[in-house]
Every structure is written in C-alpha cells, then in structure tokens.
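Take a look at the structure set out below.
Chains here go by letter, A, B, C, D, E and F, matching the order in which they are written, and residues are numbered from 1 within each.
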Amino acid sequence: MTALTPITCITIVAESVLESRLLGDLETAGARGWTITAARGHGPRGRRVSEIEGGNIRVEVLVSEAVAERIWQVLEDKYFPHYAIAAWSSEVGVVRAGRYTAVPTE
Amino acid sequence: MNSDVITGSLLSVPVLAFILGVTAARLKADLRLPDAVYQATAMYLLLAIGLKGGVALRDADPAEVASPIVLSIVLGLLIPVAAFFALRVMTRLNSVDRGAMAAHYGSTSLVTFTAALVFLDTLGVAYEGYVVTLLAIIEVPGILVGLLLAGKAASGAKTSEVLREVVTGRSVLLLAGGVVIGVLSGPIGFERVEPFFGSLFTGVLTLFLLEMGVLTGRRLGDLRTAGWGVVLFAIVFPVAAGAVGVASALAIGMTQGGSMVLGVLCASASYIAAPAAVRLALPSANPGITLTTSLGITFPFNLIIGIPLYWWMAQELAGVFT
Amino acid sequence: MNSDVITGSLLSVPVLAFILGVTAARLKADLRLPDAVYQATAMYLLLAIGLKGGVALRDADPAEVASPIVLSIVLGLLIPVAAFFALRVMTRLNSVDRGAMAAHYGSTSLVTFTAALVFLDTLGVAYEGYVVTLLAIIEVPGILVGLLLAGKAASGAKTSEVLREVVTGRSVLLLAGGVVIGVLSGPIGFERVEPFFGSLFTGVLTLFLLEMGVLTGRRLGDLRTAGWGVVLFAIVFPVAAGAVGVASALAIGMTQGGSMVLGVLCASASYIAAPAAVRLALPSANPGITLTTSLGITFPFNLIIGIPLYWWMAQELAGVFT
Amino acid sequence: MTALTPITCITIVAESVLESRLLGDLETAGARGWTITAARGHGPRGRRVSEIEGGNIRVEVLVSEAVAERIWQVLEDKYFPHYAIAAWSSEVGVVRAGRYTAVPTE
Amino acid sequence: MTALTPITCITIVAESVLESRLLGDLETAGARGWTITAARGHGPRGRRVSEIEGGNIRVEVLVSEAVAERIWQVLEDKYFPHYAIAAWSSEVGVVRAGRYTAVPTE
Amino acid sequence: MNSDVITGSLLSVPVLAFILGVTAARLKADLRLPDAVYQATAMYLLLAIGLKGGVALRDADPAEVASPIVLSIVLGLLIPVAAFFALRVMTRLNSVDRGAMAAHYGSTSLVTFTAALVFLDTLGVAYEGYVVTLLAIIEVPGILVGLLLAGKAASGAKTSEVLREVVTGRSVLLLAGGVVIGVLSGPIGFERVEPFFGSLFTGVLTLFLLEMGVLTGRRLGDLRTAGWGVVLFAIVFPVAAGAVGVASALAIGMTQGGSMVLGVLCASASYIAAPAAVRLALPSANPGITLTTSLGITFPFNLIIGIPLYWWMAQELAGVFT
C-alpha cells in the first residue's frame, strides 16, 4: 500500500496579466513548482482588462503548510484588494513529498 | 471633404467586418477568433508593419528622419499631460483614473494606425516609410507619463518594472525587430516574403477587426455607466490631439500622407499595451472606464470618422504651411 | 459522364487531402489541426464564401433572385419531411432518432458546397453568385422541421431557444455578414482582400478537408453498428434529394452550374450546425447514428462521387427543361 | 495564521455544446462565479458530438452547501440522464468566503 | 439531500510526450475514464523536452481505492524515476459512483 | 566562397527572424507563437514541402531516383554509428547519452532542409525534386540506430513501440502524404493551391523561425553545462557529415543543388521527431545535452554558416566528380 503524505494544494485563478508577478511571489514564498492552465471565468467583481489580454490563468501549487501560510499572506496583502482573483486550498496526498516542500514541513 | 473618400473608408471590407463584429456582440453571438489565432494575428500585423516600414526606412535620409522622431517624443510626452488636465476640467474622475486615462490616450493604437495606412494606400497617397518608427517611439512615453501623473500607486507594481515590461513587450519588440529586419534585408529580401507579409495584410486586418468589433460591442453596454464628461472627452480629445499632430507634422515638412498618419498616432488611444501596464501599476484604477472609452468610443470613432477627418485636415492645413 | 471530370475531382488536392486524413485516422495517427486553428479555418471559409457571394449578388437582378430563394425555402421544408418518412420505411429507428436524422439531412454542409464551387471553378463553369444566399437560407429550416418532427423532446432545450442558437450561430452570422459586406463593398473593395479571401481559398480548404478526413476516418469504425438500412439511406437519399434539387433549379431557369449547386445543397447533410442543435434539443437521440451517417458516409460520398454525379445530372437534365 | 472557511468546490466536466445552458443553470442555482478550462476526455459513455464542436469544458464552481445541493439537483434532473457529464465535489478552504456564497452559509 | 459517495481523484501532471503511454497504463490499472487539460509548469527537476512538443498534460482520473493503489504503483515503477511528473490524490464526492469504478469499491 | 551568397543568406528575412527570436529570448521577452499556431505552422510546412516534392517527383525517371534513395538509407544507417563513436572519442558521455545523441544527429531537421531549399531558390539553383523523398527516408533509420546503440533502455518504451510512433508520426505521414498527393494531382492540380502552399511558404517559414529562435535562445544559457567536447562535436560532426553527404551525392551523379541538399540532410540534427522518440525510449538520457546541442548549436550553425558552406563544398567538389 503506497503511503501518501498529506500536503496542501492551493489553486489560484487570476487575470493573466499578473502571471509573472504572481509566479515570482510564489517562488519567494517558497513554492518549488507549479502547474498552470489557461482559464476563463466569471466572478462577482465582473469584467476585467484580461478579456483583451487572454483571460485568466489557473495556477495549482503544492506546498508545505508553512509555505501555504506565506502564500495566503501575500495574496491578502498584494492581490485580493486590487485584482480579480479567486483562491482556494485543499488537502491532497502525494508520494515523494520532499519534491514539493523546499523547507521541511515540521 | 470628398464624400467618395468617406464612403470608400466606411465601406471598405475591414471596416465593415468591424461593424459585423459589433453587431454580433450586440446579438450576444460569439464571433470571436480563438485566442491563439487572435494572438498570432496581432503578431503578424506587428511584424508585417515593421518589415514594410524597415524596407522604406532603408532609403530614408537620416537627417530627414531626425525631426519627426524628436517631434514624436515631444508629442508622446505632452499629450498625456494634456489629457490629464482636460479630464480634470471635463470629468470628476480621481487622479488615479485620470492618470490611467492619460496613459491610454498618450500611447497609441496599432490597429487604427494600420487602418490609416490601408486608407492611404487605397487612395494611392504617398507617406514616409519611417512612420512605423514613429509608431514604435510614441507607444512608450505616453504610458510612463500617465503612470507618473497618477502619482503614488499604492501596492501596484513599480514603475521601473512596468517600464521594462512595456519596452520588452511583444508590440515594441516585434515592431522594432521588424524594422531592423526590413532595413537589413531590403526590398530584394522582402520580395520573397511579400506574398505573405504584403498581399495578405488587408485580409488579415479584416479578421482582426472582426474580433475588435466583438470586443467593442461588448463594451458598448458599459457606456451608460461612464458618464457624459468621459464620453465627450473620448471624442473631443482625439480630434484636438489629431489636429495638433497633423499641424505640427506639416510644420516640420512631412508629406500630407505622413502628417495624417502622425495625426492618427496622436488621436488614437491604446487598448493593448496601456491596459496591461496600467492594470499592473495602478490596480485601483477602474478598467471599466478606460477600456470603455478607448475601445468602445475612441477606436470606432477614429476608424470610421477620424481617419477621413485627419486626412481632410492634412489637405486643408497643407496650404497654411507651404 | 466524362471520365476526365471524375478524375479531376478525385485527384484534386483538397479531395486527396481528405483521403490522407481518413488514412491517417485508420492508422490511429493524429493529423488533426489544433482546435483553435480548425475553428479559425471554418470562420475563414464562411466569411470568404459570404464575401464572394455578396460581391456577385450585388450585380444580380432582385427579380431573378426571388424564385430561387422561394425554391430553397420550400426544399428546406420538404426534404426533412421526406427524410423522416423515408427512414420509417428503410430503418427501425425511433421517431426521435428519425427527427434527428431529418434535421441533419434537411440542413446542408458548408464544405460539400465549397468543394462543389471549387469543382465548377476548376471546370470553368459559370453559376449564379447568389447561390451563397441559398446556402444561408437552406441551412436553418431543415433543422427546425427535424426537431418538430421528433416531437416532445423531453428535458432537452426548448425549440425556440435552439432556433435562436442556430440563427445567431457562427455559420449563419458569418455567411450572412459576409454577403452583406460583399454587397456593400463591391468588386473594388473586395479586390484589396482578394489575395487573402480569394487566392488562398482552395489551399485553406485543403487543410480543412484533411481535418474532416480524420474525423470521418474515426467514424468509419462505427459503421458496423449503424445497420444496413441506415447506410443505404445515407447514400440513396442524397442522390434522390440531389436529383430533385437539380431538376427543380433547372425548372425555374437557373444555369446548369447553379442547378448543380442547389442539388448539392439538397444532397448534403449538416455535421456542424445540426449536431449541436440536435444535441441540445433532442438529448436522447443517438449522435453515433446521425454523425456516422452524415460525416462517415454521406460526406465522403458527396465529395468523391456525388459532386461529379450532380454535375452530370445538371447537364443531362438541362435538355429536358429547355 | 490565516483562517480558512470551508466551502464546497464542484467540478463539472461536460460537452462544450452545453456551456451556455449549464452556466445559466449554475447561476439560477445561486452560483456567483465559476472558472472554465478547455478539456477533453474519455468516459464509459463513449464518443460524443463534441468531438466536432471542440471537446469538453471543465467548470469549477465554489459555492455554499445550500447552493451545492441545488446544483446536484439540477445535474441529476436535467443533465446526467442525457448528456456525457462527470461531476465531483470536494471540500476546500477560502478566505473572504462571502465572495463565493450569495446566500450566507448559515 | 443528494447522497455523495466518496471516491478518489488522482491528478497527474506529465510531459505531453507521455500521453498515450500514460493513458494506456491508466486503462490497464482499471480507470474507466479521465479528463485531460493542457498545462505548463515549473518544477524542481527543471527543463524538459516537452517545451518543444507542447508542454504538459494534466490528467484527472476518478477511481476506486483499489484502482488508485494500482495507479500509484505504476507511477512509482515506470514514471517517477525517469520523467518529469507530479501527482496528487484527493477525496471527492460523486453521485453514480458506479460510472467511475469498474470493479466495485468494497 | 562568394561573399554575396553569405550575405544573401544571413540577411534573408527568415534568418533575421530567427536572430530576432534568439535576441528576444535573451531579453526574457516572450515572442513565442501560441502553441496551436506553432503546431499548425509545422503541419503547413510539412504538407507544402511534400506537395512540391511530389509534383517534381512525378516527372522523375524511376531509375534516376533509385540510387539516391539507396544512398540515403546507407547514410541514415552509418551517420548515427559514426556519431556514437565520435562521441566516445570526443566526450565523456555514457552510452545512453551517446545513443540519444546518435539518434538526433542520425535523423534530420525539417527546418534546416527547408531553409536550404529557400537558399537555393533565391540563388536560382536547380535541384532534384525528389530530395523531399530523401528527407522522409533519412528521418527514420537514424533514430532507430541511435536507440539500438544505446542498448538496454531500462524501463523506457519498447523500440518497436517507438518505431511505430515515429513512422506513423505527423512528420512522416504529412511529408509522405504530401508527396503522394503531389504525384497524383500533378502540376495542374497544384496550381490551384499554389497561392497557399507555394507563394506563402517563405513567409510562414519566417514565423516558424522566429519561434525556433526563441527556443534556441532559451537553450543558449545551458551551453556552459554541456562541456567543451560536446560543443565541439556539435559543430565539427555536422561539417564532416555534410561533406560526406555532398561528396557521395555528387559521386552518384546528383546535381550540385541536390548534392548540397543531401549534405544538409546529413549535417542537420533532429529536434522534433528524435527528442520525442528518445524521451520515450531512453528516459535516463539527459534531454538537456541533446536538445542544447541539436537546437542550441547545430541548428543555428547550419542555418547561418552551414548552408552556404555546403553549397560551396558542392561547387568545389563538383569538379572532382566530373
């Protein structure tokens, strides 16, 4: 039976103009990898400039609890007040957890 | 103004495709190009314009090019300032929104420029090949001045970071790269790619304007919320800036065709480079207002009325400066 | 039937590309265009056909156009009814599936139509420019009649909702929009976009048919499950409908070329607009059957055999009506 | 430590011809936003018309429990019996839960 | 109240050259369906050949616990040692669980 | 070597677009085409080359084609073996990495081949139409030999599986399919699609090379890690293989143009088919090394220096063999 280690997966949906800034901030917060898909969407805040620039990006980032905490912090400080963003967190299981967690999770 | 010219412009296939796009958007029908194709089309237009400009620039006398370049920089710095203060008089927008608007109207619109060249080509009017260089030059300073006028952009990206993004952005690189390639390869090199970058140009522009029409049509619904002052600005300011551009270009000795093109550069508002830059640097600015005016009002106004109007100005004012 | 004509059609680049696509699909190789490019290609074909049709329509005498339009509406209403009852005789399909089939065979296929025009252009045969208008007209009623024949479509979308989707769908809007643009801009306006919308047409069609070939090839495997009655219907019905179309067009005085085109419109089955509409309105219909027949049998049959056949009919029957 | 509010995320994979109907039904059920990505897939039901029309859409919708219940209801009534659809629900954590829940989650 | 059955959702992000092999292995492991979206990403292992061949694919596969176990096994045996891959598992709820579980989950 | 030839090649629009792409990548700017458009562009190039080759092949004497085909198979088998052993001497790579490299250098590069044809067309030099057939032939064996040389590829895909993927892969099918279509439809059939598959060719290649430039530019940063032996190999080996190709082609009586093309086929390294096949079959090979050398060094070397060089060789050596 494969033993899965619990780890946090944060999903962030953001205007695509933010891509390079957001990825930079994720890296600074300690994320060691991410997966991006192109998305579009609708939210309570309504229309945005991204309609012209190519929609939203949907970023999934698997991180330790400590890094997750830092990511939420930076989202609250720099993104939520200004930008069209949705973000949610879920607990998932992985093998080789060390690949995703730069600083050990204890 | 010769009515044939207006009809010829209004009833050209690209302009009619734009109107088709607006109509489709109002009917809630989806005529948008797939995003990948839209991006590729924009890259094609930028590279093609750059190439043709470069080939033309190759034969230009450097001395002749200097004063139009200086003039473009000056206009690129002054127009956003004028816009910022005109908006203070005409509207109740706060200074961040006014800075955002200044960045849009200080920069310029590739597609309006392109449509102006197609308009002149159709009439068989000559213009300086290096106007493309002016396009690349005028695109950047307006955005920066606008951001600076907006002042402290709390928690947005730093201006230097934004400057880097604009200067190494697709538009500037493809335009400038195209110009350099055109200069180096010259007319003989260009001949081999002419069937692609030359003959197809108006057709590809037609597809692109269909898409712009859809985007414009979607914005039209937001006009009500924009306020009358803003709507008025979006028509009056381009005409004034266009007149200044035409007149000053004639004054430094550019051709009628080239002067009309500089007028179009001044009159048109950015809806690609500026929105992205402003979004990053001024997150608290309301993109509803800036995009609705630049894309929803000024763009169709210039495309349909402005282009023949600035050409008429160029012809009328030409007498004054000679 | 002149064997040169058949060879010329069968060995044309677009038809061979279709066969390449089918072959690739049978080898389980992936030659599909990326989805975004496929969508853009379809938009291009629709707009280009509309434009060319509009330019031709501009010179047409309105009186001359009236009776073909009426004929198209009549055929668009009758053919699905005929299909519905033919299927009752030839197959054991339930009424929902028969309604779905009727919607497919009552509507028409853009690509088959396009290939027919390319076929006539290659032979140098003249046809009425307004046949494109007939394409746009005949596309819609067949779908509606089919849905109505299927009767109560429990829990599917409402017919009125579906009607709206079809009428403001891409195909109709781009075709009709193209026609209007073509009429307004005329031959001089069109000339500027001719290198894009004219010269490239057959080449773009080649790419499109490559893709259609892959889709057709994938369907071929489902033929076994369809049942012999259905397979027979997919060949016999188009021939009959095509003959009716050709004959009635000749009867109202259309040219041989134009009559052949109307025959193709009647004979061909929709595999884009109809499947989407039917899926929404008749969810319990089996798309396996309708797509396999329209795309897997009728489409290649018309492309390879039908087009020269309807042309032969037009020539043979022309004597009868004059 | 950022406090995350638990909320329901429903993921729906459906034929793309259904897009406008499905989004309309989500809105009626009370969803205030959604994120769409283009997808393709394979399932027990097999081939569908969407192969021609552009594959599947994958819709993620963050909603309160009450709205989630209504969405499941509409899926069971109007979609599952007829269409090629897969849907699943998971518990995720968000900040600013009010953005996603039109009616408070009492 | 709709009763949701718990089921496992495994998300696999892999180089797109692996697509046909990976889907074949999922099928062999007992998966009856999957959903694929195009993705790109960054990870600790760094650059890969897929940059030229079209990025990553992101595969979601809903399966019974037994099948999930077999999928983890095949990932550990044939993929993790050699390829750029990230994979995680989460518990989700579905109706009509039988559609996703070839062999009953008991 | 005539300096005009070098300048003409270096300053051609496609090569300059490649350099623009490299520059953009170094500036960390994003000039990549959207992926869907890139894929479609590659499909277009393959089909267009196949078509033109097929039309030319139609008139070729079968006897005349036989010996070049045999020569290509022989070279396709020998070159990877030579590469494998040259790497043992020049580098410290393990046998799996050497096998991977052998697969890349044993196969060939479509775009380099294409650029060579454009180069010859610009000079007005004739070459055998069937060289495209040689391209399709030489693409496959090199990959297989490379995989076999690497030996036991623990836990990778089976060689037979990989062979199937390569043979029914896009490149081979589109090239071979294009050739067959070209042969069957002939010059008259091709004429109707010439504006698309012929005139646009160099322009589309320009877009494609812009993209390749970006990919190359990104690889340049990895050069440091590759080691000097590998870098040297990536330049010396192509020149040697190119010389062998040119000389042997002249020896069997091919034209100077055709011999230069065969030299290019031998000299160029695959960066599309081979990387995918190697990734599957030899997962433990380091794609950093193989892609960096084939795409980052050999490709630009051939594009800018190699092509005129092999042409010079063909002219110089022609005297020896006549």
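The definition used in the following text is that a contact is a pair of C-beta atoms (placed from the backbone, for glycine too) under 8 Å apart; a residue touches a chain by one contact, two chains touch by 3 or more.
On a predicted model such as this, the values are computed, not experimentally measured, just so you know.
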Subunit A onto subunit D, rotation angle from CA fit, given as a multiple of 5 degrees: 120
Equivalent interface positions on subunit A and subunit E, same or different at half: different
Of D-E and C-D, pair with higher C-beta contact tally: D-E
Euclidean distance of C-alpha centroids - subunit C vs subunit F, Å: 41
Inter-chain centre distance, subunit B versus subunit E - centres from mean C-alpha coordinates, in Å: 47
Numbers and ranges of subunit E residues touching at least 2 other chains: 37-38, 90
Multi-chain contact residues (two or more partners), subunit F: 34-37, 39, 195, 199-200
Interchain contacts (touch definition) - all pairs: A-B, A-D, A-E, B-C, B-F, C-D, C-F, D-E, E-F
List of subunit C residues in touch with subunit D within their complex: 35, 39, 155-157, 215, 218, 222, 271-272, 275-276, 278-280, 283-284, 287-288, 291, 295
Subunit B partner contacts - residues on subunit C that touch it in the complex: 34-37, 39-40, 43-44, 47, 51, 168-170, 173-174, 177, 180-181, 184-186, 189-190, 192-193, 195-197, 200
Contact footprint of subunit A on subunit E as seen in their complex: 11, 13, 37-44, 56, 58, 69, 72-73, 75-76, 80, 86-90
Touch list for subunit E against partner subunit F, complex: 15, 17-18, 20-21, 38, 47-49, 51-55, 77-78, 81-83
Subunit E-facing residues of subunit A, complex: 1-2, 4, 7, 9, 23, 32-38, 62, 90-96, 99-100
